[in-house]
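Letters A, B, C, D, E and F mark the chains in the order given here, with residues in each chain numbered from 1 onward.
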Amino acid sequence: MFMHNRKLQYTVRVAEGNPQLATLMLEQFGGPQGELAAAMRYFTQALAEDDAGRKDLLFDIATEELSHLEIIGSIITMLNKGAKGELAEGMQDMAEMKNLTGNSTSQTQAILYGNGPALVNSSGVPWSAAYIDSIGEPAADLRSNIAAEARAKMVYERLINLTTDPGVKDALTFLMTREVAHQKSFEKALYAITPNFPTGKLPGDPAYTDLYFDMSQGDEDDAQGPWNSGDLWERVEDRDAQMAVDGGDGTASVVLTARQQAALDAFAERTASSPDADPLTGAELGAGPGAGAVNIAH
Amino acid sequence: MFMHNRKLQYTVRVAEGNPQLATLMLEQFGGPQGELAAAMRYFTQALAEDDAGRKDLLFDIATEELSHLEIIGSIITMLNKGAKGELAEGMQDMAEMKNLTGNSTSQTQAILYGNGPALVNSSGVPWSAAYIDSIGEPAADLRSNIAAEARAKMVYERLINLTTDPGVKDALTFLMTREVAHQKSFEKALYAITPNFPTGKLPGDPAYTDLYFDMSQGDEDDAQGPWNSGDLWERVEDRDAQMAVDGGDGTASVVLTARQQAALDAFAERTASSPDADPLTGAELGAGPGAGAVNIAH
Amino acid sequence: MFMHNRKLQYTVRVAEGNPQLATLMLEQFGGPQGELAAAMRYFTQALAEDDAGRKDLLFDIATEELSHLEIIGSIITMLNKGAKGELAEGMQDMAEMKNLTGNSTSQTQAILYGNGPALVNSSGVPWSAAYIDSIGEPAADLRSNIAAEARAKMVYERLINLTTDPGVKDALTFLMTREVAHQKSFEKALYAITPNFPTGKLPGDPAYTDLYFDMSQGDEDDAQGPWNSGDLWERVEDRDAQMAVDGGDGTASVVLTARQQAALDAFAERTASSPDADPLTGAELGAGPGAGAVNIAH
Amino acid sequence: MFMHNRKLQYTVRVAEGNPQLATLMLEQFGGPQGELAAAMRYFTQALAEDDAGRKDLLFDIATEELSHLEIIGSIITMLNKGAKGELAEGMQDMAEMKNLTGNSTSQTQAILYGNGPALVNSSGVPWSAAYIDSIGEPAADLRSNIAAEARAKMVYERLINLTTDPGVKDALTFLMTREVAHQKSFEKALYAITPNFPTGKLPGDPAYTDLYFDMSQGDEDDAQGPWNSGDLWERVEDRDAQMAVDGGDGTASVVLTARQQAALDAFAERTASSPDADPLTGAELGAGPGAGAVNIAH
Amino acid sequence: MFMHNRKLQYTVRVAEGNPQLATLMLEQFGGPQGELAAAMRYFTQALAEDDAGRKDLLFDIATEELSHLEIIGSIITMLNKGAKGELAEGMQDMAEMKNLTGNSTSQTQAILYGNGPALVNSSGVPWSAAYIDSIGEPAADLRSNIAAEARAKMVYERLINLTTDPGVKDALTFLMTREVAHQKSFEKALYAITPNFPTGKLPGDPAYTDLYFDMSQGDEDDAQGPWNSGDLWERVEDRDAQMAVDGGDGTASVVLTARQQAALDAFAERTASSPDADPLTGAELGAGPGAGAVNIAH
Amino acid sequence: MFMHNRKLQYTVRVAEGNPQLATLMLEQFGGPQGELAAAMRYFTQALAEDDAGRKDLLFDIATEELSHLEIIGSIITMLNKGAKGELAEGMQDMAEMKNLTGNSTSQTQAILYGNGPALVNSSGVPWSAAYIDSIGEPAADLRSNIAAEARAKMVYERLINLTTDPGVKDALTFLMTREVAHQKSFEKALYAITPNFPTGKLPGDPAYTDLYFDMSQGDEDDAQGPWNSGDLWERVEDRDAQMAVDGGDGTASVVLTARQQAALDAFAERTASSPDADPLTGAELGAGPGAGAVNIAH
């Protein structure tokens, strides 16, 4: 069960209203790397988890991320508070309004949401559960969580670089730091599962596990490194050897019933293209009388 | 520049048409962990990358994932091929149609897409670029790629478990194995950056890096492990110590101009709630004459 | 700040695994009328609210809805728990799999989410913040909340009708009942604002406030009632009187600069349609030699 | 059946082109509280409604909202008309273009839609049927309609505050006023159903209907009002009394088959976390040689 | 202005309730090729159009498509009417419910929408304005309209093939036929613009207009036809000649300021990959003690 | 199978960094008319196609569009490259940041994507497979392709008009020209199918193929042209003749079972509206004591 206390996890002191800065902060409120995504990611994993240690870890961090969602939402609310009152009471003059609406996310925040915090990103795109990539296998989900924390840390780092308000900067630094701490926890939880690679139960096919296909080539040699050369890898550079690696003919086939084949034959005949024709087309009709038949597009 | 050869990277041999199985395969064609997501993830990272080694790696794997998209799309096409012809030529009987439309994803594949492969997932949700989580910092993106490969491996493992068609199973095993190989490459590329943790340039605030907030509690003690206890961590279990950890009062504040304050005061007065009233409400109106004032909802 | 206790607000006792029933329950987990929508609706309103009474009310109910999200998520988890293990360990036989994948939402839950609870609705559509309709004016938002509770109550009522598992039914009844209680609270909070209609500050134009436009007509007379007739209304049935009600000519106009007009004239000339022509078209080209000019589509 | 007359319901007189202002107006064209949402909300309810009076009411207002969609679309068209011609004929100079594209919604309107009216909101997000919250129970849908009209009224009020063009302001005032009139009709229609609360057929469980859970607490006492105190309510403030209110143990359980239990046991063993280990992790690898084991994130 | 008459454009006679068939019909109600998409496509084009003939044509067909939306919505309503009553009054038995919920779209129609018609497609995906592809240039939009009508005709043809109810089949045939008629109108309107190809004002670059790049090759020769060979085309088959066709070096470059270069250099150094290292990675840590260094994934 | 060469198909030479211009270019990277949409449109059609000529054509052009995606992505990357370095290394001063974030799409590109190219449009909306309208019938899909090329050509034309950077303009002109060439190919391929109109197999109903319904009327006569008059058409202007064109009564009906009818009767009774009542409503409650009963909204 969740409970709430009116105190924030971290005090928010905003120096002055700034609706434009508020739109940047939305990225961590309703954006793909934001706090709602983090909270829901861990909360839904926690529900499904049966390992007591990981379940507790996931509920701990999910609850902290909800508290961070409250912090970032409070920052947005403070940055918009003055604008909210003036809009609601019709007290703006037009000069201020131009400023408020110079940014399309900002204008939607004002018109549609009345300057309250909305779960959209910094371009105004509504938050979607499609941002959550949990799949229900701990060794995969912990890797996803590690990556998610690394990404969220970076977005906070960029926001800090963009902010001069000292109180906002201070709170953002706290939030950024906690992503680092969470990554550490998830790393420990991943490596406390042994083995954890490859993820899941089925082994890979040894015939294809160590191949490195050099699919992108150029005049100069590829840069090489431990990711594509060395003892771990068998490089496949020859284009022909990259195709139909199973030794087959590289086609796709299916066994059809006679009736299916008959239907497909009828379909093929009905929609056959005539390779030998040079039909008059809509493009020629449309190019007008001045256009020659050969070079209709000029 | 991309080029194409009519041979697949892996030969696809499907034993018989099976539109229902095709809907499962859609998960790796147009789903969040599917091959389009993988290809576009690495392709967009490759464009932005300046490190010659990583750029080449990303283009190599992006191109291979496009080739895998072609394989999984070919499997879907073969599984639907018979149904496609019969639908197009109006040759189904109703018993077959019932079967075709017993699954809502399958019915949309037939009606809307004519049984061609569509970039939707196994529930029919269109693919979205919101599935891609690249943020443009290599040490974060490589972690995201590692996690993505681990997830894709698992979805293939589940599909293999669900498939009896030996040709499909064979191709899925190849595709699953390659995800393992890709994860290995991305791991090498991540650890070839030194240091790579914490991601980015700004350090965390030492005051908050090692705290573990025990936000979820219960009657029994928490399970402990290296993720929340030991030398690395300072556990914070006391509820009061979890709040306002900066030592402030845990509120959110902003400095307003006099004019903004006046607007907010007017707004507050206009929309004030009267705590002492017990107003008649729409619920009481709606509960009808038989409902007492005290217990209107019964 | 949020806190969590491992106890649920309501005990969940599920009689047996039932992945199909789980897909129905998803509607209140990740659907538009579900608990995440409710929790985020009230939480974001609470952040922006300055009235002490409403702010507290909104945080109270937001927190309770989060706890309900946990209950419904736990029901889904229990219904899927057995299927989850069998899928993860590859222990299904095909008969069971057919059952699992007879419903496209269910198949995605298995393949993509490993039978963990995902924030999608009963058709597999990911939750979207577009479901939240808060606009930041209390008298409007409270009406939205009243309506949202009425809707959520109905979805629970339908789910109860569809469920035979007594433990699930019991928990759903608790959840349904709480929506009734929440509606009562929001009704009281709405009518504790005086006046609250019309919402906002600007009055309507008296010339158009009491008009009822009878836009849908038929051979028989309209049903009439207090919504469209009586002292409150001036009915406008005459079609001509429904048009250009301001007394103007009912057109749209704008004053253009000479340069803009010149550009539009050039555009008009370039794209003018020739009403007198009877041009040969792609349809005629496509209809083939057997089709007469007059009736090309037969 | 629908019919159309070339006259608008209200004459639109725009003083001069203003693509920026047009982007604001998009909110009521293709936004969640806009006229398409209103028209489709009532139209789909009308189709399903069997009560003659409500069916007629819903068709009347749906048709009027379509006519309002035409008005707001005409305003947008006029505001963009000059820009449209200049763009189409390549007659802009760069100074104008900078102005046109200073707002990202505006730039998309120009590049993608050629300055025609597109069904997107003021941030450029395409309209979605997910905005419609009808659920097919009249007493719930009428409450949703009442709330929707209250919201739409507010968005128009804000747009009026932002507009100086007298013709646009005039048309917006008409549109705003009609939302007030529609709300009145829906209110009458709701209360013409007796009883209408609680919505639907199933009663709530009397044990939980009058409880108010004080889930958000703080150092100071809660503000109280008719929404959470008084004869109507039984307040539950004690945290323990808020948990497992059914008197159970507050856990979630399911009865599993032996086979399911065996699968889950295998899964648990395979993915068990070792609480006593202190494994070397990727974070430590990544932190580099200078980072101590204890404090790897600094 | 729009008006409505209670008569449908075409009489709908449904033989019996069939919620499953209703889910198929949803494709033309709230699907990408459905009637709402058609109506909004033409309505928004009509608003922006200045040519009197095309404007009238677009309003005529937009209004007819709205009337078709009403017909298909009425079919869905009739197919669901019996199920709606039984659901609302809790009169189903479980056998019927199993049937109702055997299809995930059908179950959402029941639970969420109360069996009223919702603007979703046959997989339950909400309608999106992203389905509309109008761009505001008549010769492009008319081609889009021609294609849209051809697509809608096909979806109706497939639905007719799937339906045995004679009344539904009859109404679908009317709707399908009208798409053919609309295509004819749009074809005439397109070719009444002279010239209409290439669309727009800017000519193509003659150097690249007639090139055909043979990007997909194989062991056997390509099929040739008027689309890629003959007088109209200059085929480019040589891979090298397909690259950097402008004669440049095929790279992407930008001129940077010294300061930007310095920043990029710092970024490159901070995130450089070490090609010569063979770092220990998370994969090796995760593969466990039994895995050799060379072949970690087996 | 796909292959990649490090050379672009066209050399990209950008004169200087310009993040704002980059946001415009996004329209053809991740927008509905952009290169990913084109590539995936043709690629998925190619997979399903059985006609050798069309299959080859579709793979050729799909592969070229992927190469164009790389070109436009490279342009975006170059325009953002300087900003990317400065952001990553925290070297901006605030004046530059204001410039960078003056456009909401631009600010999201910086904060969320680190100035790497993201698959969003110029308003920041993520790419969706819902943009692809292929339906699996060649004569319909080729028309869709023709229209798509015409649209893409126009978006490039507009971008060229907005760009002064000569290198960008040069590359855009190449890309625009190729859309013209592709349209020519698709036109030839369409008309190489005989007949191709009406699309599909079922003929229209002759009774309704040639009717033109004049659904939009006004005081003045309609503009007429070959699209709505002449030998091809039978105009229906009379409103009554536009309704119930099948000769029926224009209603929708279904045959119900007795049990269904009983359920509907119970539902109707429970939710009946009382036309004769004039109930007190929430609006009246909310309008406050000063509002008279008749004119509550003033």
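Observations, loosely collected:
In this section, contacts are C-beta pairs under 8 Å (C-beta built on N, C-alpha and C of every residue); 3 or more make two chains touch, one makes a residue touch a chain.
Not measured: the values here are computed from a predicted model.
Shared contact partners of chain D and chain E comprise A, B, C, F. Listed by label, the chains touching chain B and chain C alike are A, D, E, F. The interface formed by D-E recurs in A-C: of the pairs listed in A-C, A-F or B-C, only this one shares over half of its residue-numbered contact pairs with it. For the pairs E-F and B-E, the count of C-beta pairs in contact is higher at E-F. After Cα superposition, the angle needed to carry chain A onto chain F is 120 degrees, rounded to a multiple of 5.
Shared residue numbers account for under half of those found at the interface formed by chain D and chain F, and the copies are therefore classed as meeting with different residues.
Rounded to a whole number, the gap between the C-alpha centres of chain A and chain E is 22 angstrom. Averaged C-alpha coordinates give centres for chain A and chain B that are 8 Å from one another.
Under the contact definition stated at the top, the residues of chain C that touch 2 or more other chains are 1-9, 32-33, 53, 59-60, 62-63, 67, 74, 77, 84, 88-90, 102-105, 112, 114, 120, 123-126, 128, 130, 135, 137, 139, 146, 154-155, 180-181, 183-184, 188-192, 194, 197-198, 201-202, 204, 209-210, 215-216, 223-226, 232, 239, 242-243, 250, 264, 267, 270, 273-275, 277-283, 285, 296-297.
Residues of chain F touching chain C in their complex: 139, 190-191, 193-198, 203-204, 206, 209-210, 223-226, 230-232, 273-279, 282-283, 285-288, 290-291, 293-298. Within the complex, the chain E residues that touch chain B are 20, 23-24, 27, 31-33, 102-106, 121-125, 154-155, 158-159, 161-162, 164, 215-220, 239, 242-243, 250, 264, 267-268, 270-275, 277-284, 296-297.
Considering their complex, residues 5-17, 32-33, 52-53, 55-57, 59-64, 67, 74-75, 77-79, 81-86, 88-89, 91, 125, 128, 130-131, 133, 135, 137, 139-140, 143-144, 146-148, 150-151, 153-155, 157, 160, 170, 173-174, 176-178, 180-181, 183-186, 188-189, 192, 197-202, 204-205, 207-216, 222-228, 232, 239, 242-257, 259-267, 270 of chain D touch chain C. On the chain A side of its complex with chain D, the touching residues are 1-7, 50-51, 53-54, 87, 90, 92, 94, 97, 101-105, 107-108, 110-112, 114, 120, 123-126, 137-139, 146, 180-181, 183-184, 187-194, 201.
Residue ranges on chain C touching chain A, taken from their complex, read 1-9, 30, 36, 40, 43-45, 47-48, 59-60, 62-63, 66-67, 69-70, 73-74, 76-77, 84, 88-90, 112-120, 126-130, 132, 134-137, 201-202, 279-282, 285.
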